[in-house]
Amino acid sequence: MGEEIKLIKDGKRLDGRGFEELRPIKIEVGILKRADGSCYFELGNNKVIAAVYGPREMHPRHFQDAKMAVVKYRYNMAPFSVDDRKRPGPDRRSVEISKVSREALDPVIIKEYYPKTAIDVYVEVLQSDAGTRTAGINAASVALAAAGIPMRDLVSSIAVGKIDGEVVLDLSAAEDNYGEADMPVAMVARTNTITMLQMDGQFSKEEFERGLKLATSACRKIYELQRTALVEKYSESVGEGEA
Amino acid sequence: MGFEIMEDIRKDYVYDLIGSGKRVDGRGFREYREISVERDLIKNAEGSALVKIGDTVVLVGVKLEPGEPFPDAPNQGVIMTNAELVPMASPDFEPGPPDENSVELARIVDRGIRGSEAIDLEKLCIEAGEKVWMVFIDIHVLDNDGNLVDAAALGAIASLLNTRIPNEKYGLTGEDILPMRGTPVAVTTVEIGGNILVDPNLYEENAAASKLTVISNAAGALNGMQKSGSGGLKVEEIAEMVDIGLEKAKEIREKYLVT
Amino acid sequence: MRSMYKVVVPGDFITEEVNRAGEGTYVADGRVYAMKYGIIDDKEEIKVVALSGKYVPSRGDIVIGKIIEISYPYWIIDIGSPYEARLHLSELAKGEEKRIEFGSMNKYLDLGDLVVAKVLNVDSMMRVDLALKEEFKIGGRGRLLEISHTKVPRVIGRSGSMIKMLKEKCNCFIFIAKNGRIWIKGSEDEMNLASQVVLMIANEAHTSGLTDRVANFLDSFKRKKEEDKGKEWEKK
C-alpha cells in the first residue's frame, strides 16, 4: 500500500534522463600511490575506487595454484556510503557481489603468466546510488590494466531495469527501489561476450532481450571511455615545458 | 556411473564425451536426472521438502515465527533465506560461517521467490508496523553431485506450498496455510565446448566455465537469473539457455509442484 | 613539441601479421592483439612494451637483492618480484676449503644485506636460484633507488648511451639491475642530481626525445651551479 511512486513523468525519468541514457561518467587512472594499479570511477552519484595489488605472493600457501595466479576480489561499502549507515564488514550482499564481480573479470585475465601468485582486487564504494557493482567492475578493469596485469581485453559493465513498465538503462537508487526489475551485466566489448549476468524482479522474455541489447550497447560506450582514460593518462604524466 | 575418474583428466574426459554428443551418465543434453520430491517429513518444521536430483540431495525446512517488519514495509511479512553446505555433503565443504557459494545459493533461491511474489507477504501481517510473520527458509545441502541451485529452489517452493502457520503456538488466529500465489522454478544449464547442457552433475559443473540459472513463473515470465563461473557466454548461448529454462520449468512445475 | 609513442590497452588490435607477434601481445583468430597496457615497439617483431607490471626473473638477469630470511642451506632473497629467490651457501664457499656451518650463515650474509647476483635458473615451479657476482656486496655510503623494472631499458638507453651520459655528467658510480634497483655512489649533491634524473627518465620513459631533454637538463643544471658559484664569489 502507500502512495504510488511515479518513476516516469512526461516521458522522462526522475533525474530528467531518457530511457536509454547513461548517467555521467568520470574516470581517473592511478590515483593511489601504493597500489600497483588504481582507478577512481564515478557513475552519476556513485563514487568508487578500485585498487589492484599483484601479482604478489599468495598466502596462505596451500591456496596457491601451481599453474596460475589466483584472482581475488573484495567489494566493500564504506559505512557512510549509503543513507542508513551500513555496519562495517562484509555482509551477504557484499560476499555475493564480490563473487560475481571476480567471475566477471576472471575470463580476461591471463593467469598462466604468474603461477602461484595472487592478484588482489579491492573495490571500495564511497558513495552509492545504485549501480555500484557495475561501477566497481568498470574501475577494476582499468586498475588491472594500469597495474600491468596481462589481459585479453577490458571488461565493461552497466545495469538495465524496468520502471513503470518501461525497460531503461542504468537505474538510480530510487528506480532500483521502486522499479520492477534490475539486471546488472558485464561484457567484453571486443568479442560481445557476457561475463556477468544477474536479474531480479520480473521481465518477460521479450523485455529481457531488449534489456540485454540495451546493456550491451551501453557497455560498448563505456569501453571507449575506459580506453580513453588509460591512453590519456600517458599524455598528462609528461610535464610542461623544457627543463 | 559406478567408477570415479581421476580428477586431473576428468575435465578432458567430460569435454571429449560431449564433443561426441554424449554425457557422462548417458543423458541427453536437455534431460534432467531423476527427480524426487518428498514433502512434510520434518515434523518440527512448519514446512519441509526433501529433493533429490540424481545423487544430489537437498533438504529444505521452513519455520515461521512472529517478528518485526522492515520499516519500509510495515505491512509485509519477512523472508529470510539461508543455505548450509554441510561438511558431510562433500569433501570440499568445511564447517564454518557461510562461504561465497552458500551465500550465492541462498540469494539466488531468495531472488526467485521474491521476484515472482510467490508468497503473499501482505497476508502475513499480524499487526501493521509491529508484528508480522517471518518466514525462515533454510536450505540444508546433504549430498553434492552438482546443480544444488535447482534442487534447493525446488525444495523451497515444495516446502512453502504446504507450510502451516503456527498460530496456536503464539496465541494467534488466522490462516492455517501459508498464502502462496506462485511457483517459480529454477533451471540451471552449463556451457561446455559450445554445447548447452541442462542439470549439470558435479563433473560437468567442474568442467564448465560458465553456468546460468534461469528462474521463471507459471506465466512464463522471468523472475531471476544468475550467471556464475569464470567464463563468458555469447548472447546466442544465453538465449538458448533462457529457452531451455522456460521449457524445463514448465515440465518440472507440472510434474512436481501441482498439488 | 613532445611526441608520444602509440599507447595501447589490452584487447587493442595491432596487426594481422601473426608471424611478427612479440612480447606483450597475444594471437587470436589470426590477429595480433595487445595483452598489456603499454606502448607499441614496431621493429622486426611487434611488441608491446609494458609501462607497469611486476618483475619476473629470467635466467641470466643481473639483479640486486636483499636477504630476508636465512633457511639453511639457503639465504632467501627479495628481488622485488612476486617470486622470492634463493642463494645456496655453496655459492659463497666456492673454491675454498671452508664449509659454512649451520647457524653461522649470518656471518657471511645477514638479514638486510644487499647483494648483486645473477639468476642461474628459474624452474617450472618458479623456484629462482641465484649466484653471486664477483663484487657482490653492496655497502658503504651510497643510495639504493627502486624504479619499475619496465623503465630500466630507458635508463640504460640505446647501446648504453643514457647511462653513460648520466655517469659522466653526474660524476657518480651508477649500477642498474634488471629488476629496477639502482645503486648510486657519489657525493650527496651528485647523488641527488642522479636520483632526480633517474626519476625524470622513469616518468617520461614513454616519450621520444628524452635523451636530448635529459642532456639539456643536466647541462643547464651545471650552468646554474656555476652561475651560483660565480655569484657567491662576487658577494665576497
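Order of writing sets the chain letters: A, B and C. Residues in each chain are counted from 1.
Keep in mind that, in the parts below, a contact is a pair of C-beta atoms (placed from the backbone, for glycine too) under 8 Å apart; a residue touches a chain by one contact, two chains touch by 3 or more.
Worth saying up front: this structure is predicted, and the values here are computed from it rather than measured.
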item	value
Centroid comparison with chain A (C-alpha atoms), farthest chain	C
Nearest-to-centre chain - CA centroid comparison	A
Distance from the mean Cα position of chain C to that of chain A, given in whole angstrom	35
Centroid spacing, where centroids are CA-atom means, of chain A and chain B in whole angstrom	27
Separation of chain B from chain C, taking each centre as the mean of its C-alpha atoms, in whole Å	55
Contacts with 2+ other chains: residues of chain C	none
Where chain B touches two or more other chains at once, by residue number	none
Per-residue overlap in chain A, given as positions that touch at least 2 other chains	188
Chain C - residues contacting chain A, complex	2, 4, 7, 9-12, 26, 28, 33, 35-39, 50-54, 56, 82-84, 125-126, 150, 200, 203-204, 206-207, 213, 216-217, 220
Chain B residues within the chain A interface of the complex	75, 98, 100-101, 103-104, 106-107, 111, 114-116, 122, 209, 212, 217, 220-235, 238-239, 242, 246
For the chain A and chain C complex, residues of the former touching the latter	36-37, 54-57, 66, 108, 110, 113-117, 145-154, 188-190, 226-227, 230-231, 234-235, 237-239, 242-243
In the complex with chain B, residue positions of chain A that touch it	1, 92-93, 95-96, 98-100, 102-103, 106-107, 181, 183, 188, 191-205, 208-209, 212, 216
